[in-house]
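In the two complexes that follow, chain A is the common piece, with chain B as its partner first and chain C second.
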Partner chain A sequence: MNEKAKISMFTIAWKNLARKKTRSLLTAVGIGLATWVLISLFGFNHGYKKSLDRDIDSLGFQMLVVAKGCPYEAATLMLKGGTGLKYMKEDIVQQIISEKEVESITPMLMQVVFDPNKGQSGGLTAFLGIDPHTYPRIKPGLSFKQGSWFTEEDAREVVMGYEAAELEQREVGDFYLIPEKEVELKVVGILNRTGSQDDGTIFIPLRTLQQIFGMEGQLTSIGIKVDKNADLAQFEEKMLRLPDVQVVSLTQVKTTIMTLVSTARILVFSIALIAVLISVMGVINTVLMSVMERQKEIGILKAMGALRTDIFKLIWTETAILCFLGGAGGAFLAGLSSRVTEYLIRKLLPFSPSGGLVIIEARLIAMAITGVVLLGLVSGIYPALRASRLRPLEAIRTEEE
Partner chain B sequence: MRKTRLLFSLRKNPFLQSAVILIVFYYLRLPLLAAVGCDLNDPERDVKLLFPESTGFRTFYVSVAESGGPELLRQIEGRLKDKFSGLFETIDVPYTVYEIYQKNELIGYIHGVNQKGRYGGLQVFLALTPDGEIRGFYLQKFTGRGAKQFRAAEFANQFKSLRLGDFDNYNPAQGVEEPPGKISQIKNPVPEAVDDFRAILRAVKKNLILMEFLVFKKEIKAGPAPGSGP
Partner chain C sequence: MSGKAVIIEAKNLKKIYKRGAEAIAAINDLSLDIFRGDFLAIVGPSGSGKTTLLHLLGCLENPTSGLLKVDGKTIFDDGRGLTESELTRIRRPLFGYIFQKFYLIPTLTVLENALVPQIFYRKPAARETAVELLNRLGLGNRLHHRPNELSGGEMQRLAIARALINQPQVLLADEPTGNLDSERSQEIGEILKSLNEESGLTIILVTHNLELAHRAKKLIKLKDGRIVNQ
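On to the complex of A and B.
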């Protein structure tokens, strides 16, 4: 009996909404749009943080020591053509490695050449010189699709990230020519796809790269893996005492980036909040109008014996249906448009990590729909109460007048 | 001294924070190269170079996997007289085709392929008339010796007016045309880079075959098995 009553309550509510199709649809669309913005934002929040974490973790070290100078200028110049790189002496490695907080360390040299035969106006190709002994140890996650790491520390060999090899159509045993320098290297390894910056990197033994570019004894950076029990801030202070170096703590970088991004996020969250409030007002308005238009009908229902709670439940069910449909539609839209949202965010943000920027999980969708339905139910209380308090005879008479 | 240290302290210098982010992202992002495929680097500019009279273009994607699968691949390899090989010349490679228009009239196509060269990847684009005749050759990317000569107009002009039929007797696996025809007349501008010259010819033939099978969709009987000769 109760089961039957529940079904009929839902059917009546559904039919009531269907009587004013356009109004119901527009209200659901309003809720849907607000849900879409909310889910996309939370998805972005989660996705961006996850991708940034992965990008930074994939570096394998928590601290990067670079030569002192204006890093901004250096980065700009590098981006403009590989000039202006700041270098530090290689002997600094011994000073750093003697610190007790250091778990492992890997020296690196980056060199950039201009390749005039890349496209119509040329392009840059970057090479990362790495120490064959320490780099693989600091990044144990790297695995090979073909081949392996270098045979000797000054071997004329190259290891390519998956995408770099794909672009250059290289396989193990092939040759690779460094543009400008006309130096021939043998491909000894192709890395598996990692989804990180390593996919596009061309690795060369540090000594070999130093020789080719005449940069013996010079480094551009040193990656440091710090002991997990060490005090990072204290260690950073210690590193800053070294002459002519700048310390970049990746944890700080992550925090700073997240702070920068959160400014934009707060702004969009505020807009989303306004959208939610507007849609809540829309729900109240729609349901209230529906109640006002159906005073006679509600009066007849009450005259036939419907209790106040029955009327309250009926109006609340209508609100819940509207909110659920809007919420589900918004969630579907958010899932469908996540790649477009990601594309737009990448265009808008000055820095965006690799990998998915918008991650929409089932849990997020469930939470958003539940939240929207709950909010809708709260906003439906007033119209539902008003309907339930109508006096049958007055209600019938009012509408007749 | 302490002040100098503070100047370089990340926590107390927002400018430096931004600067450091830039440099770290440089390390994170710079080596990232474009995903494989063969797209024009600057379609607006490159289309105008190959079709100066064009007023617009449309882009679409095709692949052997979606257009016919292993059977189509067998036919393509048969016509090429060589196998698709290596890690990156696979059945699912997406090919970008640019359909070129002058107002509402289709005036041609641009299509590029990746090809393995001796020292790196080559990207060979052809500008074709609507019935498949080469009207332009563009070597977008070349890693190797003699790039300047291979990218020169004199070399590119040798491909003008050629059609797929002209390549039928050319065997890319052996690098010979038997009996000698139009392809044998194409001069290698860098004799010491014979591998790259052959790679370019293979790329042109592959490009024309892919256009024939995936775009023009002409009925072509399966060719002889790869490597069996003309």
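On to the complex of A and C.
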């Protein structure tokens, strides 16, 4: 006969919870859902910021000069591409380059066309016109899977980002037809994957793009790499004095986008907080009910030698088990559904950087579960105190006297 | 009483309960000495104070006045008693309790139920003691069953095993056969008697069952909180 029996505070707590399976399960599910929202939210916060940082850092410049208009829109367009671009005169480049704070500068023109063959019902394709001399220098991190940069500054050539090349199924030596314009350009280079917006970009020499689109002398933006010893604020002041243009510092863009996102985040965070509070109430309710139902049993345990602290520990262990299971379940769910969450966020947000938007790391999971268990323990104080204060006689009183 | 040591000494014990403005003396000026190895039955009509006396002797609550000493330690004297946790620490090594309604934990097995008190008061080799006790009480083949799979008599035998797991010096039994038929009551009576005779366990038994009471070595009758016949 197997005479092994392991009995501990944990065994009793676990088996107590198993007595009312549905109630315990529902409470754990409540905690799990709250944890899921919390982990997804923090995972999004972390992932979004990381991807945005990477996108902005991969630009290679700290400042962007754009035509006057909404600076946020301009920054977003530069990062992601899109329609509704505003233009500025090319000669502004000479004015800026003369400033001593400027280390290097690169003019850019973005053009967008509707490609009826893109996707199922067509889509927009963005072209970035770049200066073959300055752009590669400002972005030394770009490397080639095949080929190299343009041969001349007005060459009829394209360099494709990794994903753009995959999507269009082009290799070096192939030709690329610009939709609407019916102009064919030769593919001379395909970039390696960068994990940034460059992967989806089609680069064309600035002069060539200006010519194809009839935008001679026009730019949409100028990227400026500022000398590391320069006073950024003072330089920004100077740039602001230039007519018809505005300066967007990419640090500022980052802050602005994060501020925009944080509005949505605060809303979701408030909902998550309410969910957590509701689940905490659920824990208090469940544990308190369980204590009330077991008053006699707790009294007997005290008669058998359990101290107040023993009963407190027992009820607290029950609370901790509930919260841990709920927290672990929520973390598992968050990990499992992170791609769906990311898809939904991309649909909802006006701008989202490339790369993972929801990053759920082991540290976040550990912190969330610990947080939920700690919160559960705080919420378990009242039921545990009530239970520990029960006197042994509460149970025995009902015996016939 | 010759030669035997007193384990519980009660002098002029009083326990007064207040019900609104009314004060009810559940135990009224009661003196009693209990010796090691005694098997004492307390009988009396309902409301005579039997269970209250058992609670006072078993340190489950403090009296209102009088003197109570247990195992040489003063529990209550001159209106001053011990705190709840001090009483618990006194109770743990000294007393085991059995009740009319068993109060077993339904989700634990027979063996686990018997082991519950050792979570709070660890005695070495508790598992071996539990198995031995359960074998002795005829539950050796039920170790891994749950209480709902046991008969009433088996449940009370399990409650006895649980009460004895910490090897107490005194077993307090409050109507242990109140929920059992006469055959099972006799069975429990036999067990208590053999525990007293073979192991020298001190037993204080509260019962309405006179047949069970007569198995005890001593019998006291209570009425209105006083001993009327010893």
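What we mean here is this: the second predicted complex is superposed on the first by the 339 of 401 C-alpha atoms of A that agree within 3 Å, B and C clash if a C-alpha of one lies under 4 Å from a C-alpha of the other, contacts with A are read in each partner's own complex, and residues count from 1 in each chain.
We adopt the following convention: a residue touches a chain if its C-beta (ideal position, glycine included) is under 8 Å from a C-beta of that chain, and two chains touch if they have at least 3 such contacts.
Because the structure is a prediction, the values reported are computed rather than measured.
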(message) For A:Glu168, using the defined touch cut-off, is the partner it touches chain B, chain C, both, or neither? Pick first, second, both or neither.
(response) first
(message) By residue count, which of the two partners contacts chain A more extensively, chain B or chain C?
(response) B
(message) Per the contact definition in the header, classify A:Asn117: touching chain B only (first), chain C only (second), both, or neither.
(response) first
(message) With both complexes superposed on chain A, which partner does A:Gln252 reach: first (chain B), second (chain C), both or neither?
(response) first
(request) Name the contact category of A:Ile271: first (chain B only), second (chain C only), both, or neither. (result) neither
(message) Per the contact definition in the header, classify A:Leu374: touching chain B only (first), chain C only (second), both, or neither.
(response) neither
(request) For chain A, give the residues common to its interface with chain B and its interface with chain C. (result) none
(message) Show me the residue ranges of chain A that touch chain B in the complex, using the header's touch definition.
(response) 55, 59, 64, 66, 68, 70-72, 74-76, 78-79, 110, 112, 115-120, 124, 126, 128, 145-146, 161, 163-171, 174-177, 179, 182, 184, 190, 197, 199-202, 221, 240-241, 246-250, 252-253, 256-257, 260, 351, 353-354
(message) Could you list, by residue number, the parts of chain B that touch chain A in their complex?
(response) 5, 8-11, 15-36, 41-42, 45-46, 49, 86-89, 114-122, 140-145, 147-148, 151
(message) List the residues on chain A that touch chain C in their complex, please.
(response) 1-3, 5, 7-9, 11-12, 15-16, 18-19, 296-297, 300-308, 310, 391-393, 395-396, 398-401
(message) Can you tell me which positions in chain C touch chain A when the two form their complex?
(response) 26, 46-52, 55, 60-61, 84-85, 88-89, 91-92, 97, 99-101, 103, 105-109, 111-112, 115-121, 127, 130-131, 140-141, 143-144, 162-163, 166, 174-175, 178, 208
